[in-house]
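Per-chain numbering from 1; labels A, B, C and D assigned in written order.
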């Protein structure tokens, strides 16, 4: 399941909905991304996430399918917010549930790496000296590349 | 932080307590282990987790220190339950918070692998044909072995 | 043809979207970028460094040699930074 | 010396803990296991397959050649299965 929303989310409620009555699930791996107050040594007052409505949902749905194909999972959940967020606020929730922990962990890490490089979101950071679009990081490209040659 | 308890836990409250006011944290990786209703093809009615009070806390505290030493983390949380649990109930919560996602993911997976092979817990599974102690799995020994040669 | 701009391409063109009607010889993403760059100083700035511009045609990532037609939705944006 | 048993070692010995006073030549974990095995048929069963038994001395994992003394807390249990 995927959702793109302005509203905050609550991990407890999300995980309950994902696993209720599904007693074959033994492991739930989750990741939450938060707005950090510092970026490249500058203190941020806020961050605005812009996205491409329509394409975002399409890319996240493709990512969900890819994860469910690659690993023996029960379910996958991605919730990604957009709009203006303050330091400490939640940006993204990524969850994979499975019988066994390894598949859940790997799928969750995989989805985050792909999100960072494929989902059409852009971050505008606001600091005392003005606002600036965040540049893509080489380390994120490297992180996602490790899944490409995965011959599973 | 580590806790060994009979009571259930609520991931939302745990993560809030772990990250509140800590605005350097950009990533929170979590894992929840649940009681599965099937084990080795048998349907379970319940599972009882026995542990070694004192030694458990000691081992979990050592594990926390090890994770904080190996990765650039902000905090670590392990909550492990004991007692009789029904299918679908939560057994363990493992969390690592960090500036960046990779450290959080790796530390969380590492802690789960170590928990499975070092924390003094034993599972007694109850099925229609009686109760049986769960045997340790070779795959868990292999999973933890991959961290041993990690020369970070 | 509907063209969308995101992040700093939106700031530089001053547009979040526009309807354009390029000539028939504009048949690929690359040719469209060259043609759009002529429309205003802001467009020229947005398309000055093509290495930094990504494209999607009908909401799927597209390379400069991908075909574009008059019924397509074409979006230009910097490398993504979500998650 | 305080000896603790967990999981099926507890079931087989019928004890969760006992205070024992082994002779002076019982100086290691391995010697203690051999000595304990003599205490009852249940103990003999519990220590029949030493490959399947793990030990902790004062709550730290200990190998068969580890030293044990009269003030130690020694625990025997199967390989762990938590998490």
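In the analysis below, contacts are C-beta pairs under 8 Å (C-beta built on N, C-alpha and C of every residue); 3 or more make two chains touch, one makes a residue touch a chain.
Because the structure is predicted, anything quoted here is derived from the model rather than measured.
Centroid analysis (C-alpha atoms only) places C farthest from chain D.
The rotation relating chain A to chain B, fitted on Cα atoms, comes to 180°, given as a multiple of 5. Annotation: 48 Å between the Cα-based centres of chain B and chain C.
Distance between chain centres (mean CA atoms), chain A to chain C: 26 Å.
Between the CA-based centres of chain A and chain B the separation comes to 23 Å, rounded to the whole angstrom.
Among the residues of chain A, those touching two or more other chains are numbered 33, 112. By the definition given earlier, chain contacts exist for A-B, A-C, B-D. The touching residues of chain B, counted against chain A in their complex, run 10-13, 15, 19-38, 87-88, 99, 101-102, 104-105, 108-109, 112, 143. Only residues 33, 49-52, 54-55, 58, 80, 91-92, 112, 115-124, 133-137 of chain A touch chain C when the two sit together in their complex. Looking at the complex, you find that chain C touches chain A at residues 4, 6-8, 56, 59-61, 75, 77-83.
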